[in-house]
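Shared between the two complexes below is chain A, which has chain B as its partner in the first and chain C in the second.
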Partner chain A sequence: MSGLSFILAGMLAAATPFLLAALGELVVERAGVLNLGIEGIMALGAVLAFIVVYHGGGHVAAFGLAALSGVVLALVFGWLALGLRANQVAVGLAVGILGQGLSSLIGNSYESLTITGIPKLALPGLSALPVVGGLFVQDAVVWLTLAATAAIWAMFRFSRLGLILRAVGENPHAARAIGYPVIRLRLWAVMFGGAMSGLAGAYAATVYTPLWADGMIAGRGWIALALVVFGTWLTGRIFFGALLFGAVSLASLVAQTENWAVPSQLLSALPYIVTIVVLGIITSNKRLLKVNGVASLGEPFGP
Partner chain B sequence: MQRRAFLQTTAFAAIASAIGARGASAADPLGIALVLPSPNGDVGWSHTLVAGLDPVIAAYGDAVKITLLENIAEGPDADRIMTKAVADGNKVLIAGSFGYQNGAMQIAKRDPSVTVLHASGYMVAPNFSPFAAKYFQGTYLMGMAAASLSKSGKLGSVSAFAIPELITSVNAFTLGAQAVNPDIEVSVVWVNTWFDPAKEQEAAKALISQGCDVIFSNAQDTPSVIAVCEEAGVHAFNLNSSMKSYAPKTYLGCVATDWGPFFKASVDAHMAGNFVGANAFLGVADKVVEVVDWSSDIPADIMTRITETEAKIADGSFNPFTGPITKADDSEAVAAGVGMTDAEIVAMDWHVKGVATPLPQ
Partner chain C sequence: MTKAYGQVVANDAIDLTVGRNSIHAILGENGAGKSTLMKLIYGVESPDAGEVLWDGQPVTLSSPAEARRLGIGMVFQHFSLFETLSVVENISLIVPGKKADLAARIRALGQDFGLDVDPFADVHSLSVGERQRVEIIRCLMTEPKLLILDEPTSVLPPQAVGLLFDTLRRLRDRGVSILFISHKLDEIQSLCDHATILRGGRVTGNVDPRQHDAHDLARMMIGRDMPPPLHADPLPVGDIRLELSALDHQPDDPFALGLSGVNLRLHAGEILGIAGISGNGQGELARLISGETRLSPARRDDIRLMGRGVAHLDPAARRALGFAFVPEERLGRGAVPEMSLADNSLLTAHPLGLLKRGLIDRRAEATFTAACIRDFDVRTSGPEAEAGALSGGNLQKFIMGREILLKPQVLFVAQPTWGVDIGAATAIRQRLVQMRNEGVAVLVISEELEELFEICDRIQVLHKGHLSPSLDARTTKAEEIGRWMIGAAGVPA
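So, the complex of A and B:
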């Protein structure tokens, strides 16, 4: 298998944990709320999903429980940040630390155990193509994540719900004045974001790397958060950013196996550099950045 | 200035004796604190350190009291926790990660009655011994086995950081492989992280996709690499503790470390009051490094050669780093017939010829 086909075959799966978490955070931030707790929510989702699969509960139940745990942590965040109007940055960090601590505690006796992942599904015809064929052999979660990406893009682009969420994020006072329940909508968005982060964690621990090790999320939640900002709150760019990050991560490993004379430290930094530079160039238009940015992001809202 | 220094010294002495008085009545068990960089799992580095205390417990029973401090981040946290462990009366401190070095050394200097054992460092004091394993002796044997099983002639290694300890492991692996097949090629992926199971798996998959059919998991604490290799049907081995249960079909073996003999000897010396800090660089001869769980796939003739080589390493008649050794840039590293000294080995910062991946500078 050539290096290129290896990257093409693996990049969608590599991007999926980032993409799931970033899509959730996109909805949260579009509604004007900043939840920095993704990393911890992912960690809790990861360990719970792992435990379910380990004890034979199956992947569907595992993803369900992970999403549920994400919703619970998101509700803790929502109660403090939306209900009590506490500082969103502080509450988000606290919830993140809580999630990580809980994941260490719960996962203590499962440290370094492994499970089996889920089979990959091939798109008939396309998967037989040379070089790019691997792109069309992915597990079910990857396909569903792609569908979710399209659905969220369409929601913001075409649906009334998308417009309402954006209104709530842009100007909560105006949204409330025309009769929308701002806090309740924001809470739904936060719960959705929590569920997606939980799913991202579940994917990381039960499909992508089917093992549990404390700290295995290893900063992926923060990268997802950064992708939302660098993708200027646009679904397409976030998708592109996640895919780019996944592809360059794999490329940096392939470069070493093909014995390129590039220092491995530089290669390890490459996914971050390339993603920042590329998305930075795309978003260099300040006016567009202002148009796409969420006006009331992170500001507590009280009627 | 002198007076001030004197006052400080007396103050320290007073505090030290106060702590000592609280910690060390004759009937009290000897407190041994083990500080670990990661959680104590079923496998991996931390696990081997914990298991290394078993002979101590077996020999002394209730006369020793073990305190495990798991998942302690290197840095100020570790310093604080180690200081507290000693203040709580522990007299033997085992600092299980390189990054604990400075804090542990301060403790050793402050209180000469404490014995400190420190993993993979270089500082030595009368009551402070750094310890490290000669993994390269085991990876040389693994290289022989790997070359005999490889059909593609390409071997791979997922390695954490390009530091001398890991470079020597890769080099000895390559030399061992060349002893069986002179044309063998080794590719290395430096993942530049001690801990990221997902990245380690990606690296292993990348190596496999390039045709490497035996993979060396160099310093991964979780079975990330081993599990992927089982799935892909390629042989794999790792360091420290056996991961055979994660790859029942394709497990090649484990360059295991058993710290039991060293910990036991150190505690014996501490109890007898004659502990002397020294650099403990221990290998097959010390029964610290041992290859276990050899795969039954290895051809019998190669296995015989491996056993013979292992015996020669154990009795000191063979050093894997004996010249002629050529560096990857074709310059001469070691002249024919000359063996590298321990000091040269721990400072190794070049790849031998046959490692195809350039070494990061």
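So, the complex of A and C:
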């Protein structure tokens, strides 16, 4: 398999954990809340999902439990940050650390065990194409994530719900003045974000690399957060950013196996560098930031 | 109804009865509790005590949605629009329907009532006046039975005020009751058939405003006699302090109106007024003069301040030359709503010894703020109050005071008395005239012609980004200014 077709075949799956978590965080931030706990929520989802699959519970139940654990951690965050109006940054970090700690504790006796992933589904016809064919052979979660991306894009673009979330994120006081239950809407958004992060963790530990190792989330949650900001809170850009990140990580693998004369540390850092540079360039448009930025992001709100 | 915010009893056992087919005025000074009462009626705030009867039935107004269901609509004093959404999206947040249908209804209503606005424009690109139009349209689209308008005319141009009043009268004739708040007594007398007067959170009178003259009403409101207006006597003027020559500017924002060929000369010891309907380039002109928009160093002489080319300098550098500025938007530009008044003082008054070796001198900061609060009669709990918690008029008094205390050489004020009660408005205008008499060069942007005629020596009119030649405020008639305002002049009648 050539390097190019390897990258094309693998980049969607590589992007999926980032994309799932970033889509969740997009909804949260659009509603005006900053949840920095993604990394830990992903870790907890990952270990729980791994354990369910390991004991033969199957992938559906595994993803379900991971989403549920994400919602529970998100509720802890929501109760402190929205209910008690604590500082969102501090609470987010604390919840993230809690998630990470719980994942190490729960996963202690599963360290380095492996499981089997899920089969890939090929799109008939397209998957037989030369070079790009691999792009159309993906597992079910990838296909569902692509569908979720489109759904979230359409929600912000066309639906009333998307409009309401944007309004709540821009000016919670005005939203309250015209009668929207700001706190309740934000709580729903936070719960959705938690569920998505849980799913992202589950995908990383049971499908993408079906094994458990403490710390295996390895900063994916933080990258997802960065994608949301650099993607200027636009679904399409976040998708593009996740894909770019996935593609460049695979490219650096290709480069390492083909023994290019580049230090491997640089190659490992490459995905981060490329993503930051490319999205940084996109973000330099001030007008876009002004129009798409979330005005009340991270501010505590109370009646 | 009773409502207290912490120590402040904003509404103290208020009784109010609004009849059918009535336009009912609520009168009172800044901070008297008018907006609070309206928020109780619209369900934004819940009362500490008291009850509401709607068509004779007791109701609980637990949320604005509840109030809207009963048929209560409200236009807010501090706008409740979302800047990153378009006009039609804003409206669709409370009015059900498809965007295309809503846009058509917005256009139709705009035509009917002279409230023209592009349904697909983003709100952040609209002027204050245009935003208010959007709020009014949004409210009318819910077809209310009781319409609450909190200072709707404070930023509307005179023509639009007339049209709005026609609209309100038509609505009244169709059986809509209207609660109307304004600080302009002549408006209340021409429009309203009933007035409830508030002072310090209590009702101090229920009158028919047509039976009383403005003087009486003002006395009931402020509890003492009004000071007579101080007209500016002609004085010899001094040197040129601020000069704009043939200034052209096209802002980055594709929606905003550019300025072309703007000539303006402001001398020491005079007040120059910029009249015009908002949205004709006032915002951009203000940003250019204040330094929020900067030009390239090559064009430094397009704007000259104190004899120096300053078009490339930032606001702080211009302030260092003796320039002070009161922007049109109080919350967000003039003051930071989340910060205390004391910290807000610091923003521009730091050169007055509020810093000690680069650190904040809290004592000096508090002293300055207390002086500002006292001298400008700002009603608030003290220097530690959050700027955002002040009533609209009181915040304006505070910002005006802060800038005046800087003792500037050039004072630039946009909409000096927007939303300020008449007692305080008179005081602010007197203060401006007094500064002029002391040799300060004063530039005022205002939509209120009467105000400009009262205090200005000269008036120039801004229309579609063009500034008219200078007109003598003492000899020019209001009609002529009016013609310049709608672009029909250039040829004096």
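Following the convention adopted for this analysis, the second predicted complex is superposed on the first by the 303 of 303 C-alpha atoms of A that agree within 3 Å, B and C clash if a C-alpha of one lies under 4 Å from a C-alpha of the other, contacts with A are read in each partner's own complex, and residues count from 1 in each chain.
What we mean here is this: a contact is a pair of C-beta atoms (placed from the backbone, for glycine too) under 8 Å apart; a residue touches a chain by one contact, two chains touch by 3 or more.
As the structure is a computational prediction, the values presented were derived from the model and not from experiment.
Of the two partner chains placed by superposition, only chain B is touched by A:A213; chain C is not.
By the touch criterion defined above, A:A174 lies against chain C but remains apart from chain B after alignment on the C-alpha atoms of chain A. The partner of chain A that touches more of its residues, comparing chain B with chain C, is B.
In the superposed model, A:G10 makes contact with chain B only, not with chain C. In the superposition on chain A, contact of A:M191 is made with neither chain B nor chain C.
Once chain A of one complex is fitted onto chain A of the other, the partner contacts of A:V254 are limited to chain B, with no touch recorded for chain C.
Within the complex formed with chain C, the chain A residues making contact are 160, 163-164, 166-167, 170-171, 173-181, 287, 290-293, 295. Per the touch definition, chain A reaches chain B in the complex via residues 1, 3, 6, 10, 14, 104, 108, 111-114, 204, 208-211, 213-216, 218, 220, 249-250, 253-254, 256-265, 268. Residues 38-44, 71, 156, 162, 187-193, 195-199, 201-203, 205-207, 209-210, 212, 221-224, 227, 246, 356-358, 360-361 of chain B are the ones touching chain A in the complex. Residue ranges on chain C touching chain A, taken from their complex, read 43-44, 63-68, 76, 79-85, 89, 92-94, 122, 124, 252-253.
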